[in-house]
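Two complexes come next, and they have one chain in common, subunit A, joined by subunit B in the first and subunit C in the second.
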Partner chain A sequence: MNSKRKGRSSRALDILIIILAVLPILACIVLKVLTNPASEGINISGPLIYFHIHMPIQDLYITESQINSLAVVISVFWLCIYLTRGLKTRPDKKRQIVAEWIVEKVDGLVKNNMGSYFKNFPPFIAAIMALSAFSSLLSLAGLFPPTSDLNVVGGWAILVFILITHYKMKCGPWQYAKSFASPVALAPLNVISEVATPISMAFRHYGNVLSGSVVSVLIGAALQGLSAKLFSWLPGALSGVPFLRIGLPAVLSIYFDVFSGCLQAFIFAMLTMLYVANGFPEELYFKRKEKKNNKNNNKVKVR
Partner chain B sequence: MELAIGIILGACALGAGMAMIAGIGPGIGEGNAVAKACEAIGRQPESKSSVTTTMLMGCAIAETTGLYALVIAILLIFVAPSRLVNILVETMKNV
Partner chain C sequence: MQSQDIINVNIWLILISLCNLVILFFILKKFLFKPVKKILGERQAEYDAKFAEAEGKLAEANEIKDALEEKFAGADDEVDKIIKEAKDNAQRRGDSIVAEAKDKAGIIVKNAEAEADLRKRKAAESIKNEIADVSVEIAEKIIGREVSEKDHRRLMSDFIDKIGEDDGADQ
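Let's look at the complex of A and B:
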């Protein structure tokens, strides 16, 4: 009796958590429906500006992409809590197996690509992947995907750039400056290629997601026009229904939204791992560490 | 005035179209990459997963030049015309 009640209450909690995960996305849809001006025909535009706050230097604009990405963050948070609730040593629920699968995969990926020094990296990589993938998948709900705004992806790329520079600086700033001038004549080119890293990462993600959404908008408009031409002989209100637009764009959306979005998330995380692991001067760092340890040991012996 | 605006719009559209000629390069490059990956999988089917991962990474990096062109084309279509027309209108006012 007691266990039955316990099971019922935990199930109620599960449903509550799922509702909390879906709620922010529903709120975004409601906000968009309330503020979106009615438009006809082809409409390709950037993120809507919901409201702006007056600031001394520059007005602060709160746009659709910021609010949508916050909604994604909240949803992913509740999803993680849902997946990791009631963990047991012998898993009896499907969601624990899913959670273990995700953790194992990301651990293996980081281990294969970055080496053993970066063994505390999987949470960060998994966070980047989840944020990027779910942001791109938002377009399935009819919302503006935050990843098709250059500012959002540019922010992530700057974060990754700071991380790369931090790991390149592990052997001191002098070593970092020396790494640019490996052939001295090519130093300016090396600096340019260093700056190009975050730019190319941001443009790659942004361009892929944006081109997918532009193509799907164009195809939707084309199908609407075609069906208006083909079915104009139908009587009454039926002639206004875009029959060709039902279902057909969804097939393309499997590639442009689902596959492309998940692939870009994977590639962004993969490039992060590769750049960070390549930037870290592993041999020199461990050699210096060993030297330091030997010195300390000698001191201890002398005393 | 109308002629100037027309020239601006037309030149922006032409420039966007010309910028997308850069799409040829990544297409050929990715085709080569996928062909080689298929050959490698055919030779060593057990290395399929690692070959696929490496191929996707290489394709993503080969795509970069095409995406630069795409971004420039999108800027030319959606951003440049209105800004250029605004500049034109302001200079005409001053004259």
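Let's look at the complex of A and C:
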């Protein structure tokens, strides 16, 4: 009796958590529908601006992409809560297996690509993947995917750039400066390529997602025009139905929204891992550490 | 409703998205990776404990098995010994029985021989007497006069004894 009640209340809590996870996205859809009247024709523009705040350097625009990424963060948070509820050493729920699968996959990926030194990286890589993939997948719900906003992806790329520089600086600023002048003549090019890393990452991701939605819109408009030409002889309201838009846009959406979105998330995460791991001068760092340890040991011995 | 340009750079927006990623990193670390890692560690510990327990049990079982095997080997020896003893006993007993039987048979044979001898002798005696009688009668009849029976009998007896002795020597 007691366990039955407990099971029922736990199930109710599960449902509540799922509702809480879906709610932010629903709220985003409602917000968009209420503030954005349906538009006709080809309309390719940036995110809608809900309001703006006056700030020192630039005005801060709170746009669709900000709201949507916040919704993704909240959804992922509730999803995590849902996945890790009632963990047991002997799993009896599918969601625990899913949670363990995610953790172990990301762990394995990081270990394979970065080595065992970067133990704290799996959550970060998982965060990049989740944020990027879910942001791109928001376009399935008819929302503006935050990844097609340069600012959003640029922020991630800058964070990755900070991480790369941080790990390159592990052996001190002098070593970091020296790494650019490996052939001294190519130093300016090396600096440019270093700066180009975050820019290329940001533009790659942003461009892929944006181009996907642009192509989708263009094909949709083209098919509408074609079907208007082909089926104008039909009587009454039937002549206005864009028959050609049934089917093909769905297939394209699977490629541009689902496949491309997940692929770009994976590429962004992979590039992050590779750049950070390559930037880190592993051998030199461990050599120095060993030397330092030896010195410390000698000091202890002298004392 | 206004919308932003497709390509635009806004420092604050960049900062916000950067913070979003950091926040999501902490969320995933705290709410997904930490509990799952903890449970994985617990499971590993549990399995290790189980494995150690199983190992201990296996060693114990092996010990018992060895002891039993030793016991069985001892039992085999014991059985062999008992069987051998029993065999020896039986052999000895049989031998003694056979020997007794042989003795008995020897006695019986001896008795029989003695009896047969006695009988033979008795028979020879009676035959001797009869022959003596018959010969006396024949002689009486032939001679027609009475032979002194006493003398005759002695004569005959000597004669027959001589024959008997010769027979005995032949045999």
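We take it that the second predicted complex is superposed on the first by the 296 of 303 C-alpha atoms of A that agree within 3 Å, B and C clash if a C-alpha of one lies under 4 Å from a C-alpha of the other, contacts with A are read in each partner's own complex, and residues count from 1 in each chain.
In this text, a residue touches a chain if its C-beta (ideal position, glycine included) is under 8 Å from a C-beta of that chain, and two chains touch if they have at least 3 such contacts.
What you see is a predicted model; the values in this text were computed from it and never measured.
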Partners on subunit A (subunit B, subunit C) - clash or fit: fit
Partner chain(s) touched by A:S211 [first = subunit B, second = subunit C, both, neither]: first
Contacts of A:M55 with subunit B and subunit C, given as first, second, both or neither: second
First (subunit B), second (subunit C), both or neither touched by A:I44: both
Partner chain in contact with A:K88 - subunit B first, subunit C second, else both or neither: second
Partner chain(s) touched by A:S253 [first = subunit B, second = subunit C, both, neither]: neither
Where the C-alpha centre of subunit A sits as vertex, the angle toward subunit B and subunit C in the overlay (nearest 10 degrees): 120
First, second, both or neither for A:S139, with subunit B first and subunit C second: neither
Partner chain in contact with A:I158 - subunit B first, subunit C second, else both or neither: second
First, second, both or neither for A:I267, with subunit B first and subunit C second: first
Superposition-derived comparison: subunit B or subunit C, residues of subunit A touched: C
Three-chain overlay, closest Cα atoms of subunit B and subunit C, distance in Å: 7
Residues of subunit A at both interfaces, subunit B in one complex, subunit C in the other: 44, 46, 210
Subunit A-facing residues of subunit C, complex: 1-29, 31-33, 35-40, 42-43, 46
Touch list for subunit A against partner subunit B, complex: 44, 46, 200, 203-204, 206-208, 210-211, 214, 263-264, 266-267, 270-271, 274
Residues of subunit B defined as touching subunit A within the complex: 53, 56-57, 60, 63-64, 67-68, 70-71, 74, 78
In the complex, subunit A residues that touch subunit C: 35-36, 44-49, 55, 57-58, 60-61, 63, 65-66, 69-70, 73, 76-77, 80-81, 83-84, 87-90, 96, 99-100, 102-103, 122-124, 126-128, 130-131, 146, 149-156, 158-159, 210
